[in-house]
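Lettered A, B, C, D, E and F in written order, each chain numbered from 1.
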Amino acid sequence: MKYVDEYRDGALARSIAAAIAREVRPDRVYRLMEFCGGHTHAISRYGLEDLLPANVRLIHGPGCPVCVLPMARLDMAIACAGLPAVTLCAYGDLMRVPGSNGSSLLKAKAAGADIRMVYSTLDALRIAEAEPAREVVFFAVGFETTTPATALAVRAAERQALGNFSVLCNHVMTPPAMRAILDGGGEGDETPVLIEGFIGPAHVSTVIGVEPYRPFARDDGKPVVIAGFEPLDVAQAILMLVRQINDGRAEVENQYIRAVTPSGNARAQAEIAAVFETREAFEWRGLGSLPASALRLRPAFARYDAERRFGLAETPAADNPACECGAILRGAKTPRECRLFGTVCTPDTPMGSCMVSPEGACAARWTYGRFRDNAAAARRKEIA
Amino acid sequence: MKYVDEYRDGALARSIAAAIAREVRPDRVYRLMEFCGGHTHAISRYGLEDLLPANVRLIHGPGCPVCVLPMARLDMAIACAGLPAVTLCAYGDLMRVPGSNGSSLLKAKAAGADIRMVYSTLDALRIAEAEPAREVVFFAVGFETTTPATALAVRAAERQALGNFSVLCNHVMTPPAMRAILDGGGEGDETPVLIEGFIGPAHVSTVIGVEPYRPFARDDGKPVVIAGFEPLDVAQAILMLVRQINDGRAEVENQYIRAVTPSGNARAQAEIAAVFETREAFEWRGLGSLPASALRLRPAFARYDAERRFGLAETPAADNPACECGAILRGAKTPRECRLFGTVCTPDTPMGSCMVSPEGACAARWTYGRFRDNAAAARRKEIA
Amino acid sequence: MSLAKPIRRKLDLANGRVDLSHGAGGRAMGRLIEDVFLAAFDNAWLAAGNDQSAFEVAACRMVMTTDAYVVSPIFFPGGDIGTLAVNGTINDIAMAGARPLYLSASFVLEEGLPLADLVRVARSMGEASRAAGVPIITGDTKVVERGKADKIFISTAGVGVTPPGLALSSDAVQPGDAVVVSGTIGDHGVAVMSKRENLEFETAILSDCAPLHGLVADMVAAAGPGLRVMRDPTRGGLAATLNELANQSGVGFTLEEDAIPVRAEVAAACEFLGLDPLNVANEGKLVAIVAPDRLEPLLAAMRAHPLGARAAMIGRAVEDPDRFVEMRTVFGGGRIVDWLAGEQLPRIC
Amino acid sequence: MSLAKPIRRKLDLANGRVDLSHGAGGRAMGRLIEDVFLAAFDNAWLAAGNDQSAFEVAACRMVMTTDAYVVSPIFFPGGDIGTLAVNGTINDIAMAGARPLYLSASFVLEEGLPLADLVRVARSMGEASRAAGVPIITGDTKVVERGKADKIFISTAGVGVTPPGLALSSDAVQPGDAVVVSGTIGDHGVAVMSKRENLEFETAILSDCAPLHGLVADMVAAAGPGLRVMRDPTRGGLAATLNELANQSGVGFTLEEDAIPVRAEVAAACEFLGLDPLNVANEGKLVAIVAPDRLEPLLAAMRAHPLGARAAMIGRAVEDPDRFVEMRTVFGGGRIVDWLAGEQLPRIC
Amino acid sequence: MCLAIPVEVREILPGDMARVSLDGVVKVVSIALVEDVKVGDYVVLHVGYALARIDPEEARKTLALLQAVAADA
Amino acid sequence: MCLAIPVEVREILPGDMARVSLDGVVKVVSIALVEDVKVGDYVVLHVGYALARIDPEEARKTLALLQAVAADA
């Protein structure tokens, strides 16, 4: 796979790891947050941690749209799927996300709701065309990467005068979430934000470009390196961050320059702008309500807005109070510090946002990395 | 089973048989037509023939609504079932009746049409209520026995303002068919009608009473004995017919007096009259087009008339020319005299009207009686 | 030192439903199998968790059979699809005169099936299997999307061992042999139909579903080589079974309607439905063809067994090139007893 | 003298469809079984027309297994539901080191299934069965209403005989044992998924569906008692199989990602779909755990067999109270290889 | 097709319906077509509708007639 | 969720669609979001849509940079 395999090369990886080890200062800890679930996945999937010095710590951020989707929105989707004649189309990632009272799309489907897994908004459009008697609702989630596909689908529905297609919109934006991380846990929360730099999103940045990250460097003094999703991309970004930190710099650098341009994808931006407008505020699972952090359909597209079309309302739903996701997402705690981790809360029965998607911090740790928490592993490491 | 078992009593049967044997004149043949498929069934099912003297011959008449339904009407029902959103409800007897080109409701269902077996018009109404998005069409067939149930269903649909219920009406009437039998095979057919008397229908007569049969006795000189459907009823009716014939009488007698009154069921007659009117003519499989022999919905019920509602038209469909049903139904031939009987034409792959329902003359012979045609049986009879 | 283990939550057997994760080969499937099937079938073979199970056999003549069970509704008076799946397959082994040894069970579950229903079916299977002394030693589970199956389909297969010297065969019937049924016919089919949607009627009739290998062992002992062939008249009823045997043996049969045991309620239900009890399915009855000189000991042995209390000789095999099954009716006449042409009865097994 | 016989019309195998009469136990069913199944499977056991089939066995350790096959679509590159139903069950027998003897097959058909599709599936089964030398000796067919099944479901069961002295067992794995796979992984699942509606992609990948008992016989001969256990990594893939074995044997495994054979196209398809080849189903591969001293002869024997040409040692069993399956990735780091949580992949078997 | 059977009326239900029994097999049917149906009556049942009432006296007479013929024989 | 993968464009299809290949695995995707896509281009594919074009020169440079770091080590 061109542009893939070369960035997974083990030999090169060891050299980069050696460079990082050489350049880190032994007297300090480097706490680096990869904002994006894609990075979390790459790091866990390839065991990147094992190649890093102990004082380079990776903090898994909230950049997984499945993880941050609040239960109330999921409940809304389940309620919508239960309406007569509604066919709810959702990306497969969402099927197992827990709503209130142990519900999920998977269980709602088992109980009789017409819920279909789709791989693309194109599939949802096809279903709407093929089944005119159904009300086809696309359950839209995702960051800026995924939003343009929804925007295109809405515009296509309008062009084709598809009267039975609408979107339940949960699209969120990256910069406000990074802002929230840096601003800490909100009123009353005095936990210091222990993050020295950010690995910036790969594919979000293909759409939004480099500019939106400037304030985090300029105003907060946090270096940002936009990185590709292959493990060598991440390793290189870590090296770049270590160097900035060592140099006392706080800049926005672009490691993923083969796909990310400074101004991003103008077409995609225009599609988003044409169809969506910013919500005043939106609830993020684990982070709370964040102002101007999410999108909804513009009034001109009201009839494609499932919330308006079906009069859907949010009913507040409380997360498990023992869940430490908020603190984990801000780098203040690690999954192991949650007392539910790995016993009550596992990917099979997730309790909190960080466990629901394989890209979540807790799920990634449990699925790929929990051997690092056990004694046998430690012993094996000694022997090796 | 009260009013059932006592009329199936074997000992009594032998006595009646003995009486018949005693009373028949050895020098003549008694050709008696049981008009009704119910009688055909009882005769075959209980082996009544074996108890009768050889010169009492039973001729199986056209009184099976499944048998006489022409292919064109079946084709119409299949076409109707294929219309979008149509659910066709049919009595189970109809599922295997062959239409043109080897089609049938069973095969149409297998090919995707929504066809449901029902046991009563009440079931069809329930389906229409429960599935308002479907156009529920009841495929109505039957003689006067069955017509009132259809009439009640149409009136119930009107009362409940059920907008999605209609009837594909194929109801036919007994007296015109008996008239056609007596009038012979139509122009060009010089076959004599070899019937000396009729066993009159049991349940048709509960509805229409005794009067409608008078002309056959009075004008045609053919005795008619209305008989119940149990084998002793039939045996007794045969004895009564033998006596009339011996006496040179031609009267309408009522053996089934426990259920049939002279004027029939006034309520049922009123229901029929309220909903239906007589068609100018109607095609009978095996008998051809008979004037004033069938019913259709009155204009006041036009919206419950599937033919009008869906603009259904009859496309003429020719029966197998080798089929001898017409002659068999008029008593001019027996099933064995058809060269397709039992080889090409069997109940599994019926070629003609008399083979499609177990109540048909050919099917009854094949299913219950064909052992009488084989040599082994003759030998066994000798031994016994 | 090992890590804390995930807390193993029990399935919500009261309110839960089968969903697609239960068929995906992951932990959810493992949990379903453990909490439902292993719990209900409860034997060491299954507990070993292999994809197959092993057992020792001596040199023998073995028989193997399989049936799929798709009855609707899945619960009916006197049994359910689970009891049927166990007893039905045991009976197909027993009909060879064999002693059933082991069963396998494979399940196709429809997404949305209430777990409570699945548990009920699994427990029925476990009970039937223990009652018959024939363990279910291996199995498989698949889950399909809603609307791609009808609640639950079960296929069971079974193996058994034939007593030395016994060789029943469907072509062994001789003219003059006696036809025996082990009891009343039509009970199962009528019990199932009484619960079919759009057909409902109230009746006290129960399915006769039962394992017949105990009865068969007594019959084999009593009739010895005089026993020609046995068959359980399931789908298609007594009529189909006798026509099959007539064709395979090249004989005819003559039956006496009077002699065929039919419950009054079964006869009544058949009148309601326009059916002949001879075409209705049985799940705990057998037909045996026996040499005339072994008829009496056979009937005596059958009547001494609870499942053969109403055993009756109902007719004889005769020479007949047409291989007709004929019957002298209660009324005194003769008729053929034929297969039902293209019958479309509800799914009764 | 006998009567003229009904003319036996052949089923319209080109244009006909399965209808409810084909499952009703009457003549239509008999004709379907004869024209489709007996014709395709073509053996004397089935032709005998009994409800069970008999065969002689010597004293032995036998194994029995069953699987239900519900794959969608029923035809896919490299095979169909029929080849799967034969080979899959043969493989579950072979995984015990046993020689498969006989199969049973039970069918649930959806009303409306084109007879041409049924014939194609039956012929695939017949060919697979003959190629493997394992006849299908007994069977059953049910037909359910349209919308109550998905075209065709097949359950096969099988019996086989274990060579004397061989006792593979899932709890026999020892730390230090080698983990061997017989070839590339993920081919079957990817081939099936490439034909799923809404997922379609073009690829030259074929299902690896194949009967493994020949390979297994060579392996048993080469490794003798050093062979601890074998399993075919079907649903849930290599990841599920190794986790099962780890749990059952109370050991951990460490794998080398580099050593696991994966076709480039399979890897690419997995990237498209966001799947890990380790979780994708195989139908002609096996995992074997072998004592270190028998590794080399085992690998040599496997590579000498066409179905083991790309056999590879991919890791080792280790002591681990947590029973983790760990892997050193191509990148050089470590990770756990877990079951997929609540996977909802298309029905691939 | 004209299959019909005498059943005993056990209970009159609202909406011109009745619970009827045939040797303990019980069904709910319409009695809209027959006037003044009472519990204990026997009615002839066809496709879910009662069509006629059985007259017990006439039934007795018919049987008596049959038996008389038999006695003559 | 932001899963995306570089694929090679093999054929431009009507309606802003293209046939793309990843090591011989071929899919039809939308290229409506990227300007001037040509056969031979590599694009980043996400949920059925091309999102960005891979710049081969920049890719080469990134790799060169990585190799340089490695060479230093």
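Convention: a residue touches a chain if its C-beta (ideal position, glycine included) is under 8 Å from a C-beta of that chain, and two chains touch if they have at least 3 such contacts.
The shown structure was predicted, so the numbers you read here are calculated from the model rather than taken from an experiment.
> Supply the minimal count of touching-chain steps required to go from subunit B to subunit C.
Each step joins two touching chains, and the minimum needed here is 1.
> By that same contact rule, can you tell me which chains touch subunit C and subunit E alike?
Correct list: B.
> Let me spell it out: compute each chain's centre from its C-alpha atoms, then which one is farthest from subunit D's centre?
Greatest centre separation from subunit D goes to chain E.
> Between D-F and A-D, flag the pair that has more C-beta pairs in contact.
A-D
> When the C-alpha atoms of subunit B and subunit E are each averaged to a single point, how far apart are the two points in Å?
Centre-to-centre distance between subunit B and subunit E: 22 Å.
> Taking each chain's centre as its mean C-alpha position, how far apart are subunit E and subunit F in Å?
Each chain reduced to its C-alpha mean, subunit E and subunit F end up 81 Å apart.
> Could you state the distance in Å from the CA-based centre of subunit C to that of subunit F?
60
> Counting only residues that touch at least 2 other chains, which ones in subunit D make the list?
Residues 1-3, 20-21, 26-28, 264, 267-268, 271, 320-322, 341-342, 344 of subunit D touch two or more partner chains.
> At least two other chains touched by the same residue of subunit A: list those residues.
Within subunit A, residues 1, 4, 96, 106, 119, 123, 232, 346, 348, 370, 374, 376 contact more than one other chain.
> Give me the residue numbers in subunit E that touch at least two other chains, ranges are fine.
3, 5, 22-23
> Can you give me every chain pair that touches, using the contact definition above?
So, checking each combination of chains, I get A-C, A-D, A-F, B-C, B-D, B-E, C-D, C-E, D-F as the touching pairs.
> Enumerate the contact residues on subunit D facing subunit A in the complex.
198-199, 252, 254, 258, 264, 267-268, 271, 318-322, 324, 326, 328-336, 338, 341-342, 344
> How about subunit C: which of its residues touch subunit E in the complex?
Residues in contact with subunit E: 200-205, 264-265, 267-269, 271-272, 274.
> Considering the complex alone, what residue numbers of subunit B touch subunit D?
So the residues of subunit B touching subunit D come out as 96, 106-107, 109-112, 342-344, 346, 348-349, 370, 373-376.
> Where on subunit C is subunit D touching in the complex?
Result: residues 1-3, 20-21, 23-29, 48-70, 72, 92-93, 95-96, 98, 102, 104-108, 137-142, 144-145, 147-150, 153, 155, 157, 159-160, 162, 169-170, 231-232, 234-237, 240, 244, 248, 281, 320-322, 339-345, 347, 349 of subunit C touch subunit D.
> Which stretch or stretches of subunit D touch subunit B in the complex?
Interface residues on subunit D, with respect to subunit B: 1-7, 9, 17-21, 26-28, 111-112, 146.
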